[in-house]
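Two complexes are shown next, each including chain A; its partner changes from chain B in the first to chain C in the second.
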Partner chain A sequence: MGIKGKTAPWFIIFLALVIILFLANLWYGSVLIPWKDVLWVLTGSDDINEINKVIILDYRLPQAITAIAVGMALSIAGLILQTVFRNPLAGPSVLGISSGASLGVALVVFAGSLFQLELLNSAYIFREISVVAAALIGSFLVLLIIIFISTRISNVVTILIIGIMIGYTVSAIVGVIQFFSRAEELHAYILWGLGSFSKTSISQSVFLLCASLLVTMVVFFYIKGLNALLLGDYYAKSVGVDVKQIQIILIIIAGLLIAIGTVFTGPIAFVGLAIPHLARYFFKTSNHGILIPAVILFGISLTLICNLIAKLPGYDTSLPINAVTSMVGAPIIIWVIVKRGKVKRA
Partner chain B sequence: MVLKRIFYFLLAISFFNFHSCQLKPNKSEIESVFESIPDSLLISKVKYAKGFDLYELDKIRKLVLYQPELRENIIATFYIADSLTLSNYYTESENLIVVNQDNVAVFSATQLNAFERLDLLDKVKGISEAKYIISKTIKHKLEKKEIVELATNADLFIEKVITVNPSLIFYSPYRFTNPHPLDAAGIPLIPFYDYFENEPLGRAEWIKFTAVFFDYDDLADSLFNYIEEQYIGYKTLTDDTLIRPTVFSDKYFNGQWYVPGGQSYIAALFKDAGADYLWKDDIHSSSFPLDYEVVYSKAYNADFWRIVGSYGDEPSYEALGSENGLYTNFMAFKDKNVIWCDARKTAYFEKSPLEPHLVLADLIFAFHPELLPAHKPQYYHILK
Partner chain C sequence: MNRLLKIRNLEIGFESKKGKAVRLHHSLNFELTKGQFISILGPNGAGKSTFLRTILAYQKVLSGDVYYGESLLTDLTVKELAKEVAVVLTDKIEESFLTVYEIVSTGRYPFSGFTGRLTEEDNIFISEALELVGISSFTNRYFHQLSDGERQKVMIARAIAQDTALIFLDEPVAFIDAPSKIEIMELLTMLSHEHQKGILIATHDLEAALRYSDELWLLGVDGEVDKGDPKGLLNNGVINKFFDKDNIVLNKEKIRFEKKSIN
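Let's turn to the complex of A and B:
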């Protein structure tokens, strides 16, 4: 059921790729740092330039860890949603869950204009906690609505469409709030929306990674259920899977992963949508025993690659990560759709 | 019979036309009046500002606005004079402005401050962004509805504007990139962009721009001369300074650190205050984004760090450090040499452009306290 035979060497190769990309993220940046400095920092040696140490440990390392956590969380969330809704275009942003998180953040950022609450200017810690809490509450509210609807309506496509509509409604509410907000708040919100891996401290990034790993581990217990869902409700029931229950559990897991992957970094586009397709295409399987680890490794690789591209070779500045993931992710989606079309015609 | 009537009618019309032509004075194009004067005789009253020129000829002022950073491109030209002069001697034109109008709208906070300093607030009937106004006088006028809000952010309340019907609207092109709805209302729009000036005295000189529309040139000149004298006085203090402490500026925000360019307003202030700005050789005239590691590798051991910010509670090193742990790595942070300005409490963005001498004195006091031992900072102070 899981990784064995021909697929095993590939996983070793991709694991090695992830390690190389992780090290490349530590080595490569606007400031040139020798390889040996990167290795010395990792081995804890004191014989290193203090500036390089700060850049590697306090700046590049949290970014790389955040990229790993977000890549893993969003890709797995995308895989779950695509399987549960049996729709290749389901993803974190499609169900409106990311929009829910955005609404939560918008309410905090625009609190000054809306409720005369100067959260943007309040103590930083308080502001940070309110943003995190608001994003979680926002995504879970949308999720609760989806779950509530899914207990009433059994058709997953209908739920998907309702999810898209909720997303639109929430985005419209955010738009109205933006209209009444002031310039500095708008600026802060737009920047959050652009997404960034560099906003997290080392402790936040480790927290993200642990949370992401923990929730992803739970998904491994549902490999059988996920595979059964792919074959249809009747088959799933016949092999003893409680379809409704497993769908709700998986949607909650996906919601948690999306909240983890959005709260500190802002919504990161296309990772959740594109990675499951890449994994399915590469391993030519829909077995979740292979897909889940593959999606984890592919997701991490993609976000680490995007983070490297965002550092803009030869420039002193960097691009917003969302712009890079969109530029890389959107062509993947188009390519997958074209390929599927060709296969169907053949 | 009918032909005869038509003949008399045409005769009457032609006589009337001839007569009226005789009464009308000989009007001319206002442009040609200035064009007829040799350039050597037309001397602009503007000394430092690069965004506009001001000429005066026989009670008519010619105001020329240039594209920022590209003086060859003229954006607009206005001719300002009293209504009698304009209507009697010059053919009608869109760029003729009657001086001293009583009902104007001002959408730039800095320009509003110039109105207040020139004691011209009674002329202002409309403003934008009322909730951020700090001036007590303007707040009071807002409460009494003598001034109303006509715009917020980048959105104009068109119906309100038409109701108030200001005779002139001074606007900031940065915020209103697309003011065409007002074009339809036929209200003259006067762009105000002092923020493009990179020299502190150049920015302050825009007070002359505001004054010319109200025949307050003399007051503006005397206010500006005072600012100039004070600024140069403070600047002279640092001329012989041998030790120039290094300084960097601003904060990291969402993946980017916007650093003031080497040719910017802030860079000029640092230079005049006797500091060595780390990006002084850069070619940008406004802020530009850099990666944290680039800023850190250059500024980790800088002597001073200048921040304009706004915290609801009292700013402190703890608050700054908790905002972003990366800040604690800078020597200026460790040595407690952060030069802080609370934008909200000091009304920095509204008031400081017309008080560059006070800003300069604050910075000199931070970099070289021995040069101004008795100085009481107004905008910047070293964070305790």
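Let's turn to the complex of A and C:
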């Protein structure tokens, strides 16, 4: 299942689109930066306005890199989950993994209020680290529960339903915690929940990108397994694929990617759900050899576009990214489902 | 080495919800040799599918032994088993955007590396399989746009591409129109007799099984078992024993079920 000749030119076009969108993210904002200074990122010449350099390095570059990392991580996670659970509605938020991250953050904020730690007023670094650690631990706890269940129950749909229920339970706990929180903590939590690409430093964003790239590279080794899973468990087994093992590995990979795409930015809705559908319908293929690179490029493009839209109001701050991805992502899902109905009847 | 499959004192069944094992058959003894076309027949609930799933290791062997060639089923890894036997199942493939070529190429997975990259040799196996089944012209069509009969041929081509000595098929001609049914049964006969494959099918289609198989394995609802050539089993009334209901009997001459006449 190699990449067919007709798809290769599209990949070049979308790669170019990603680069243009990346540069546009550096260029556009409350202050428009001249293209000469934007291209400095690529050329590295000394001839740059110092203020523009600061704007790019401290604000726009980390934001754009974060958007790239998160777009890639969540979209690939969505693709994996949709294939493993053979369900078009599977996605990062569905398995309760992002809810797990939210619970972690809510617990940290609540603990702060309980022990009068004054988290919000304490050192910025401490707050940052505790929130990130909490999100990671939370998402991995839910992931461990899912893996534990999936070693006992072989039916993937059952696991999916259990994942959704874990998500609801965790969200309910978060709701209770919010009820007992003070206004300031509630505010901090809600801000995290709205999602943002702008809270990461340059080193954090580079870390995110490296982690996201590394895990995504591993997925390329599972193209064959993912394709075999499309035929169903028994057919996959009949061609020598150890279904149980590969499902567990893929769920862990997806969990890692969701954690990467959630910790610094908050849960980002719809990207993981919508992008795999978009890629499938654009290239008219279910072959992961084409889908994986397509999903990476589409995912990055979507988050970069959403980040541009978030900056549209033109103030210093941007719109909550979660609202933007939902507004862009939900119509995509509706369009795909309507299209899907037409394809099935044809 | 002509014997491809040997089943010794095999006990099959499944775990019920309360954890009790439901045993369908205690002691199954069968053999399948090169070039043989064998049909497993039996009424609903006799355990045809359970039997197939057990010898494919999808379900646990309760007791007894299954040998592929000289190797014991329980000693084979998933990948090793994939080189012994290819399957055509009743499982539906729901994915919308898989081409015929992509589906048939999964038959080469037991031989390919991590990424599933196909070699020149793999492509030869794939095009020969498509040719043999007569669907070369479908290569780039989407699987979900084909008729049930055409889909079944694709799945058979996929099994052929896997290049195993054995092919097991579960209900290969159910839900398929009469001409396609004959086409598929002829194809399976050709695979066994001309290409020396061992073909084992589980079917409800008594007429087709009697007409095409070299041997029948009969499974009954109360644990009865029998085997033999179709003509013999038909003439000595064994098939009647397995299938007749109170007032519905098999007419041996016409090979069809009829209401028992009053006289």
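FYI, the second predicted complex is superposed on the first by the 325 of 346 C-alpha atoms of A that agree within 3 Å, B and C clash if a C-alpha of one lies under 4 Å from a C-alpha of the other, contacts with A are read in each partner's own complex, and residues count from 1 in each chain.
One rule holds in what follows: contacts are C-beta pairs under 8 Å (C-beta built on N, C-alpha and C of every residue); 3 or more make two chains touch, one makes a residue touch a chain.
The shown structure was predicted, so the numbers you read here are calculated from the model rather than taken from an experiment.
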Chain B versus chain C as contact partner of A:Pro34, first or second or both or neither: neither
Touching partner for A:Trp192 - first (chain B), second (chain C), both, neither: first
Partner chain(s) touched by A:Val54 [first = chain B, second = chain C, both, neither]: first
Partner chain(s) touched by A:Arg182 [first = chain B, second = chain C, both, neither]: first
Partner chain(s) touched by A:Pro331 [first = chain B, second = chain C, both, neither]: neither
Partner chain(s) touched by A:Ser238 [first = chain B, second = chain C, both, neither]: second
Of chain A, residues touching chain B in the complex: 29-31, 50-51, 54-55, 58-60, 118, 121-125, 179, 181-183, 186, 188, 191-192, 194, 196-199, 201-202, 311, 316-318, 320-321
Chain A-touching residues of chain B, taken from the complex the two chains share: 129, 131-132, 153, 155, 253-256, 288-294, 296-297, 300, 310-313, 319, 322-326, 329, 344
In the complex with chain A, residue positions of chain C that touch it: 56, 58, 78-83, 85-87, 89, 91-99, 102-103, 105-107, 109-110, 112, 114-118, 142, 144-145, 162
In the complex with chain C, residue positions of chain A that touch it: 1-2, 86, 220-221, 223-224, 227-228, 230-232, 234-235, 237-242, 280, 284-287, 289, 340, 343-344, 346
